[in-house]
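Reviewing the structure listed below.
We call the chains A, B, C and D, going by the order they appear; numbering starts again at 1 in every chain.
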Amino acid sequence: MPVGKDTRQRTMDSFMIKVSILGATGYTGSELLRFLLFHEQVEVVKVTSRTDIGIPVGQVHRNLYKLTNLTFTEENIEEIVELSDVVFLALPHGQALEKVPQIFQAAKQKDIKVLDLGGDFRLKDPQVFEKYYKLKHTAPEFLKKSVYGLTEFNREKIRKSNLIACPGCFPTGALLALLPLARENLLTGDIIINSATGSSGSGATPSEGTHHPERAYDYKAYNLFSHRHQPEIQQELERFNRNPIEVTLTTHSAPMVRGIFTTVYTRLSKEISEDQLRDLYRGYYEKEPFIRLVDQPRAAVVAGSNFCDISIASQGRKVIINSAIDNLVKGGSGQAVQNMNLMFGLDEKSGLGFPGTHP
Amino acid sequence: MPVGKDTRQRTMDSFMIKVSILGATGYTGSELLRFLLFHEQVEVVKVTSRTDIGIPVGQVHRNLYKLTNLTFTEENIEEIVELSDVVFLALPHGQALEKVPQIFQAAKQKDIKVLDLGGDFRLKDPQVFEKYYKLKHTAPEFLKKSVYGLTEFNREKIRKSNLIACPGCFPTGALLALLPLARENLLTGDIIINSATGSSGSGATPSEGTHHPERAYDYKAYNLFSHRHQPEIQQELERFNRNPIEVTLTTHSAPMVRGIFTTVYTRLSKEISEDQLRDLYRGYYEKEPFIRLVDQPRAAVVAGSNFCDISIASQGRKVIINSAIDNLVKGGSGQAVQNMNLMFGLDEKSGLGFPGTHP
Amino acid sequence: MPVGKDTRQRTMDSFMIKVSILGATGYTGSELLRFLLFHEQVEVVKVTSRTDIGIPVGQVHRNLYKLTNLTFTEENIEEIVELSDVVFLALPHGQALEKVPQIFQAAKQKDIKVLDLGGDFRLKDPQVFEKYYKLKHTAPEFLKKSVYGLTEFNREKIRKSNLIACPGCFPTGALLALLPLARENLLTGDIIINSATGSSGSGATPSEGTHHPERAYDYKAYNLFSHRHQPEIQQELERFNRNPIEVTLTTHSAPMVRGIFTTVYTRLSKEISEDQLRDLYRGYYEKEPFIRLVDQPRAAVVAGSNFCDISIASQGRKVIINSAIDNLVKGGSGQAVQNMNLMFGLDEKSGLGFPGTHP
Amino acid sequence: MPVGKDTRQRTMDSFMIKVSILGATGYTGSELLRFLLFHEQVEVVKVTSRTDIGIPVGQVHRNLYKLTNLTFTEENIEEIVELSDVVFLALPHGQALEKVPQIFQAAKQKDIKVLDLGGDFRLKDPQVFEKYYKLKHTAPEFLKKSVYGLTEFNREKIRKSNLIACPGCFPTGALLALLPLARENLLTGDIIINSATGSSGSGATPSEGTHHPERAYDYKAYNLFSHRHQPEIQQELERFNRNPIEVTLTTHSAPMVRGIFTTVYTRLSKEISEDQLRDLYRGYYEKEPFIRLVDQPRAAVVAGSNFCDISIASQGRKVIINSAIDNLVKGGSGQAVQNMNLMFGLDEKSGLGFPGTHP
């Protein structure tokens, strides 16, 4: 018998949110389960897989062994819609373009909610999507309806939406670092975003770049000027910042498993003291449960948790902002659950109120 | 305002167990807080430190920042006893020899419970203690009263005791691997225990052996024939096994942070098939919430969790048993909390029912 | 123009040993090139590959970029035999069964030498080979002629042979630890060999076990009672030790890239003091250029070098021997070059006289 | 008897350069010995230490055990000057201010050469030195005489100098990335330099930032706007670039041991195509033995070697340059030996012509 929620006083089953996850064999799915199986208002009803149909979840995600009796099933949209209040999509890029219309069509009158953790509904301009993802956007009407799920800056829309495009991992760290400035129209010109990521961002499929002998002691840059997350960051900053800006995102492979560390460089549109900057950030973040203003963000300190740690330093108009997140949690599955909490009127921290596992 | 328990329905304060931790600045203390701050029947009332008096816990254990308002205080035994139902000792070896008598003396009639995470009360023979710890045992009367806190094999005594000597990290992994055999008197002769540990086992104080450039790509053996945990394992096996045995423990430094992986080699006192062996282990462990019988234990899979994963293989009378634990959790603070749960009549899994953070 | 040997006074070309490598795209090939390209009496004439024909070596082995003008070619045995004095086989297991006969047939009267770094000619009994490699041995006549290339214990035979079966990586570390005892008939009964290896031992092809997110913080045992290197160790010990022995090898995956650390446990056939044991080892190894008797062998200290560091400890008849090697060097390509030096009458250290890269 | 040079035909002893190293117990000293003990025109005569006097070098630098008979001695300047042709200073910052005058005073007429690997003679303006190093510069006359030892851009001066200030590790990677642009006056405005370093850059003394449990899975920024290497980079760029520039250097701790990876962001003073840029770099670097223009520099590929791998990418006037070095080799001891070679009229590659140890 699995351990887990049985130690706690549970809400009555009739109030439990029924959750399904499409594509739950990867790391995103694994992390969703790490949170949702222990979320007191959630019951996970279906987890699908293309490769592991019929296999118990605990045989694939070994850390969950003896903690759940769930088994991977095939993807039956009709059944999933019938059984679920909310569906998480943890699919390769491009697949949600198909699944999202199918789900809402199958739902008919039923009020179902969808959270997509892939990139299909993040870029509002289908042409930009096609340029960066090399795919035609086949569901533009849903693109219009979808809401960008950066929780801290989009709460009201997320609450009312039934289709959330959860942000990419790099954009989460970069936007949380930059949006207080963008909201005050303090950005202008070049916005240099230098990020380093752990290997779990590459997913569960082995490849040369994540082969241990190649990666363990290595550090390198990749996708210069062409990373898909660059236009996503630009888009979200421009929603608020009126001055023209130009985002440059450079991503790096670093030899840890979890974490994205971001260093942002820019010159503000007007001079403002370091103290004032910190006040500005405190105004935005002091009451945020998952944002911490610190002296020195560290990837290892947030690892395993839904926190984003942020620091600000400046010299004249030059500003450097650092942020650290766990790419799979705040930069992925944790933020998705945070959004689900909002959508169902729950406390935003439900199922996410644990610290990082440090050291 | 800290996130954490406020999202859950809490038991009334009057039923909360009041907990104090002596020596809470190290990794053992850090992990105790990671569990106890989110334990629904616990209120942490005091955390002491010699070096960090007056400093908020979240400034020292950065992963707990914004999750607790606690501050380190000095060690005032009278006050701690007055405020607490249970005291955890996370002190350097030797200090509990002094603190345990002080606590029970100050308690007078009050029914206070103590869990010692150090080595002072593990070895029942004061002479063996002195040989391995190079210290005279100054509290032999408490040594007699203390109960060895290997939860799975000592439940009844732990429930009734008010002084628990929590097992060492290596003995936890080794004994969980070996005790089903010892209970059946299947051990005889040489018991070879080969263990590899992550660096967090060395504690939070920097030293040459944990200097990153020296440790990160290294693997080495240490303390051959002389490790303090060797007599501890021998003692606990001999409580059950009647045949003469001779334990050899060799510990190794491996380049991960968390985890102890143990490989036990022995020849059984009688032939018994691999299937029968597995049945034997299933009999002992199937209903255990924190023991999992698996094909291939992995340090990374249990990291962050209170699980001990175990496998058994045999060939004739030769047996190899593998076990994997997180040294700081099942091998330290997690097991201590599991014992506390037992001592207060709670569900043993309270506050510990989360999976490892994998990958 | 490549840097490298041009800074040194070279021997005349006519005295240079012409070397070819079959299967040079993997890590074994990469390391052979790291030594042979800078070996003063060697000219590498051909390096073959199935996947990278026509591609410059420096594009595949990036550390060699700008250091060689060689290009991978297809495998033309006739041409290779014509051009070469010696051929290294760095092929997947099983392929040398075919290549070795082809090479010697093509050689006709030419005195060509072959060093096989795979497992095809290590096990002298074809039935044992078939049991462990799941392959029929199709070249038993060459198996008889081949010499086991553990340099320190087989020098005279290696000098005279033209077909060397270079030892496996685990056997190298285990045998160097054990052979002084076997030579004195001091072994008896169980020989427990516990080894931990870095990920480079798995080769250059990505797989789940070497996927960075899975491997980086992990430790696990594999192939219990069934590792191919177990009969190899047993065979070589039994060449010298007359008492019956039973070798148990357990291999573990540790989270470094390079290194095999071995801990051997046994009880000697007669009591002998620790001092006498150390004298015994000094007698065997003091003059060996690549064996160092040390207090505490460390994987990181030998990494990158051809050294094997060894320590001995005992208590009564119980003995623990530790050894540390770089699996790709002393446990692979370095030892192969050491053997080549012997076969050509060169100083055994030629091309190998550099220290490990530590830290 | 140590292995090493005895396998090669040595130049006659009378032509050997006599080398001493002050402060040879750290990683810089260790690496100097790794190169100089095997350098065919070098004899290491004295290595000093404050902590390890009388201890054999191989007991401290375990990778050198059995490779040298040298023993650490105390620092006797008179004797060192008498015995040596060249002295390397591998001392903590500030100590060379004292030692350099002492050495030249003791040398009198003798033509002795000094290479300082610390920061005391890098910054030409004593006030800038005092600001960043918090020390008064007490040897300004030697500051004037000293030559900045970035080999590729200062060859003629290095050849004629007898006091070399070897560049800092971050400046080496940054300047090799930027100087071709600076030489063409293509730099203007903000020069953003984002660097990540391995832990060996922190030296051999344990500290919290290099404690394995804290560092192994971490990534963080440090010394924002205040790193000592920032004015060093600014100074050297301004020697060539006439447009006003403003250097911002941000250094990060990454969880590998060796390597500095640098990402430079800037907008050129005029538009120039990516192809032209690459031609420009080829012009500067094609014939350089230790600079490689590659598609994607990688820290792991250069580790252990004296190479600096560089890539260039641009979009309009925006340029991103990446460079990878081993901080202890090209960013430290390797470059120092390269300079020594120049100063003595040797081939610049002598003792350094080996590849990185990859994987």
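Throughout what follows, a residue touches a chain if its C-beta (ideal position, glycine included) is under 8 Å from a C-beta of that chain, and two chains touch if they have at least 3 such contacts.
All of these numbers come straight from a predicted model, not from anything done at the bench.
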item	value
Selected pair, greater C-beta contact count between A-B and A-C	A-B
Remotest chain, chain A as reference, centres from CA atoms	C
Chain centre separation (chain A, chain B; CA means) in Å	35
Mean-CA-position distance for chain C and chain A (Å)	47
For chain B, residues that touch 2 or more chains besides their own	27, 200, 204, 213, 216-217, 255-258, 298, 301, 303, 359
Chain B partner contacts - residues on chain D that touch it in the complex	27, 198-200, 202, 204-208, 210-213, 215-217, 255-257
Parts of chain B lying in touch with chain C, wherever the complex brings them together	190, 192, 194, 196, 213-214, 216-222, 224-225, 248, 250, 252, 254-259, 261, 263, 265, 267, 296-301, 303, 311, 313, 315, 318, 320, 322, 324, 359
Chain B residues touching chain A - in the complex, by the definition given at the top	1, 3-9, 27, 30, 34, 37-38, 40, 61-67, 200, 204, 217, 257-258, 287, 289-290, 292, 294, 298, 301-305, 307, 347, 349-350, 352-359
